[in-house]
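Both of the next two complexes hold chain A, though its partner changes from chain B to chain C.
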Partner chain A sequence: MATAPKPQTDSKAITKEVLLRVEGVTKIYDGTVKAVDNVSLTVNKGEIFGLLGGSGCGKSTLLRMMAGFEKPTKGKIFLDNQDITDLPSYQRPINMMFQSYALFPHLSVWENVAFGLKRDNMPKDEIAKRVDAMLTLAQLNKYAQRKPHQLSGGQQQRVALARSLAKRPKLLLLDEPLGALDKKLRETTQLELVNIIEEVGVTCVLVTHDQEEAMTMASRIAVMSEGYFLQIGEPDVIYETPNSRQVADFIGNVNMFEGEVIVDEPDHIIVKCDECTHYVGHGFTGNKGMAVGVALRPEKIMLSKDKPKGEYNWAEGVVTEIVYFGDHTTYHLKTAAGHVIKAQEINNTRDLSCGLTWGDHAYMHWGDLAMIVLTH
Partner chain B sequence: MSQASNKVFANGWMLAVYLFLYLPIVTLVVFSFNDSKLVTVWSHASTRWYSALMQDSDLLSAVFLSLKIAFLSALMSVFFGTFTAFALNRYRHFRGRTMLSSMATTPLVMPDVIVGLSLLLMLVSLQHWLGFPQRGLFTILLGHALLGTAYAAVVVTSRLKEMDGRLDEAAMDLGSKPWQVFTLVTFPLLVPALVSAFLLTFTLSFDDVVLSSFLSGPGFNTMPMVIFSRARLGLNPTINAVATVTITVVTIAVIASSFYTSHIERKRKREMALAYSDSNQ
Partner chain C sequence: MNMLKNLFQGNKLVIGIPYGWFLLLVAIPLLIVMKISLSEMEATSVSNMISWTNGLPTLKLNFANYQFIFSDALYVKTYISSIKYALITTLICLAIGYPFAYFMARAPKHVQPTLLMLIMLPFWTSFLLRIYAWKTLLVSNGVINNVLMSLHVINAPLEMMNNSFSLTIGMVYSYLPFMILPLYANLSKLDLRYLEAAADLGTSPFKAFWLITVPLSKAGIIAGSMLVFIPAVGEFVIPELLGGPDTLMIGRVLWDEFFSNNDWPMAAAVAVVMIALILVPMAILNKAEAKLEEA
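So, the complex of A and B:
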């Protein structure tokens, strides 16, 4: 999750120069179904931009409009300040790496990679040079003469990447690039992919439903739902400062407390909830008496058997569930109010910490900057 | 029921089915080597009916006419069937799509007699008003192509449906204009379906007797028509001989093609296994 180390995103490579600009794009299918609803965004040169959302949120439709497979019902798309909204896909300097790769089954690896270059009527020797360079980059030289079905999933994925990079596109679109790989392979491939992308320095738009994939690969993420953006920001911003209950809930695990602001000071606020009273160590743009949500990530909660001091930022409950993940354990505690709160403890010793077991009574406590106050 | 009796029953059933299907054919083949003029009475083995077949210019020219019609109509069927399948699969919205999709396959379920009769009526009135087409090779071709197009459309459609639509998009994405998408990606992947559509419509045309009878003109007798009319005048062992030759050719073709496909399939499986075994990296 968010604790996974980020691959070296070379922030120097990201300039403020805008490459892709999407302006008020709407896509309506069959006159009624709004797949994408008045979306605007900019992607800077050298950036890996993630579109994150569940299935049917419109992320793929948006990507397909960038590729030129769909026409926006409304709005414009600019690449390098050139309006490409009506340009057919075969004239756009944009290439896509397809979900499940869409490699041409009747062509060899070499011919797959050369396919796009041949369409540009590039001289033969130059094609050969470029293809060989791409195959080297993707470590595929050994497999040049194989057909796609003679390759494993990871190799097919690299062929797909090599093919989409061969034409040196201004923009690379990645549609669920790791979706077809198993978990173990995904982690190594993720880093490989980012390394290759950064080596060639291409700007990317990445579509995924996997938040981990978006977090580790993208330099900025747009969280999408029902055709519009809920929030755009850096991965850590999205995770630590979500702007709504929906984003907080979508990214990672979260405990939501619903309550009312009873003290509103410039440097702190106090929110009264059913099972506890939150002391939040910063001000907020709202006022006293307002109903707010307080989001608290499970890993920010500490567990103990002893009652914490003070009257704020703790709750008590009974352990109802213990979920062991190896590196960490998630405890589910049921409060007197009937809510279940999840607390996540890192297993930093080999004896299973806390000494808590099912049915135990325990206290949860957290710091005064651990939670996020959400007004919508 | 016990396992053993179950097995006996299953084997017996299988045997019955085989007998039902193949006994008539075996009889036909055996009796083609019968010396007797009577089709049902065995005298002794000979190849005299095969020599007779070689002399039978009516029957031989009918065979060649049938082959010619089957070949040409299969070509036409595959051509038009592919277009129909494309229109129905790749272009989701156009006027008359629903109509085309249901009409294209109607000949599959329409009795041949009705198709033949309606075509004949149309051709007769056309000839009356325009003076052409003369009934003969061309009109038989037309009828067979009409029927074959429906079959070919079904075969090609099923292949198009299972083909990944993203391949077309990938080709386009890499700079192929729509016609290049067809020639470089869709067509090569479609070849197996085109071949099987060709074989199917070829066979369909080759053994058609109903449509041909309606649409043929004087002097244009296809092989099934000749066999049919001779059978009505009394069976002649030459028919057994020509049937045996046909069966032999078909059997060899079927066995060869199934050997070929299973060989391809096995090769593919081997290669895939190889890919997974050396990919631990």
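So, the complex of A and C:
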């Protein structure tokens, strides 16, 4: 397993009081299909916890078990040290913001937000006060008497949020909260959503398939695949020190080099691969002769037309593809060994930064702390 | 551009067919019925109803039939009785049909077509036969009485035939599918996530049914109720076969006016009043509904 180049410090001011504890939860459908496989996790108070994974990885099933819509086949769920595994959803102090929003179409915005409060037999004037406060928070006062279908997607999303926050739940579940919005709106809404959540101070579990959404919103992320957790950690830890090829591949873009450890020293290792030799500036738990994967993110590769100095950490190839994104450009280079390596250049001038074009021969080089050595 | 134009005309043609049908077979006959109801004799032609005085046409209308309908207590009573039986039928159909449609919509997907088939199965036999079958079940020496008597549950046969009981049973039995089908169509489309959202916000399943399922199936309830209520008001066959002397229904009066008394203008007037009785309140309801939606 790769050791991180520097020790992880818990920089975020999160109280370490556990709110939600999931213990060995398994969900089996129809006797055979394992949707969630022996999953355990804790969510601290005030935290936004992200469940990230592709479709069918079990993240939604896990969320639905937290909400009480599904019963775990095995395992227990605790909220504030109280076992809620068998508590029906309508008795849990947990509210969910649905992916489709599930706003009641026959009720106005005001009535939608008041719906949960009315069920608690709250006095009328108090309901009115709370609903108005929620609508102010979500900037919806103008639309209080509208029906959901008269609102735009972004407004509906805010109604859904206001409704799920109105009861002041101990835990807020967000199921793909921005999935139905277009890209531009998603970016602004992301920050808006985090601001509102932090203002209210509610603990959140966020389910998403969008790694960018998870990275920007969550304080910790669990990467899920086939019903179990691949890795749990802070966004930067997951991105910079993934613990397996699968996580490295799922989060962001990555170039994977397969090779063999030829030098294993406490302060560095050298890995021999087909197209290059990696000099990794830190030790690793493993030994000489071991087959490892070296993961290298495209943005950590620099391109040049001149041959780099030294014998380590560079490779050469021919430009086969240039993908222009506006703010950056991704170059695909084919090596002599037949692998395609992606390198990403920031377009910091208005002409393409390194003047490479299709068919050009180019060199790629990178620093000795740029790569991740993976044994899984 | 040309193709678009052709397409547009094709649209008009397709839409035009049902409108043409409606005009030919509903609107024109209705106007004829109205004309008959306003003339003294059936054969009176429109030109005879117009008299010319000082070069100006005057329409000579005969409102005597309508005056008679509203002054005769029997007609008024029959109208009220018809609406009463139609309402009772509608309410019972709704009470039986709603849970039926609800569970059908919630049944596993693969059994739903079978359940739907079972609802429609009675239509495969003649309507008349099915009503006659009820007769053999309900009469004094019928199947039900015989079974109950032989089991010594009762000593004397129950009076179930030719009264409001047999009439209501026959009407509910015949019209139930018309209630279930639109309700099923509506309820099977209900997004179950609304119920999850309600539960998530602290609503028990029973409460969620009344707060979410019922209001969201309003369109189905209205459609089903209309499909039962409207034909039930004018029903003739069921009151004729299963009804008795006490079960006044306007359909039977209509029949008598047309075929026993041969008084076509009177019969036409009875029919027009019946249509007005159903359509006018419905139009008002529709308007109010539309206004409510707008607000």
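In the analysis below, the second predicted complex is superposed on the first by the 363 of 376 C-alpha atoms of A that agree within 3 Å, B and C clash if a C-alpha of one lies under 4 Å from a C-alpha of the other, contacts with A are read in each partner's own complex, and residues count from 1 in each chain.
Assume a residue touches a chain if its C-beta (ideal position, glycine included) is under 8 Å from a C-beta of that chain, and two chains touch if they have at least 3 such contacts.
Since the structure is predicted, the reported quantities are computational estimates derived from the model, not experimental observations.
Student: Should the superposition on chain A be reported as showing a clash between chain B and chain C, or a fit?
Tutor: They clash.
Student: Between chain B and chain C, pick out the one touching the greater number of residues of chain A.
Tutor: Answer, by number of touched residues of chain A: B.
Student: Which of the two partners, first being chain B and second being chain C, lies in contact with A:R146: first, second, both, or neither?
Tutor: Only chain B is touched by A:R146; chain C is not.
Student: Who does A:F115 touch here: chain B (first), chain C (second), both, or neither?
Tutor: both
Student: So, A:Q155: does it touch chain B (first), chain C (second), both, or neither?
Tutor: first
Student: Taking 6-14, 60-68 or 186-194 from chain C, which overlaps chain B after aligning chain A?
Tutor: 186-194
Student: Shared contact residues on chain A for chain B and chain C?
Tutor: Dual-contact residues (chain A): 67-69, 88-91, 94-96, 98, 100, 102-106, 115-116, 119-120, 163-164, 167.
Student: Which bits of chain C are touching chain A when the two form their complex?
Tutor: It is residues 191, 193-194, 196-205, 207, 211-212, 215-216, 218 of chain C that touch chain A.
Student: Residue numbers of chain A touching chain B in their complex, please.
Tutor: 67-69, 88-91, 94-96, 98-100, 102-106, 115-116, 119-120, 146-147, 149-152, 154-155, 163-164, 167
Student: What does chain B use to touch chain A in their complex?
Tutor: Residues 164, 166-167, 169-177, 180, 184-185, 188-189, 268, 271-272, 274-276, 279, 281.
Student: If we count contacts the way the header does, which residues on chain A are in touch with chain C in the complex?
Tutor: 67-69, 88-91, 94-96, 98, 100, 102-106, 115-116, 119-120, 163-164, 167
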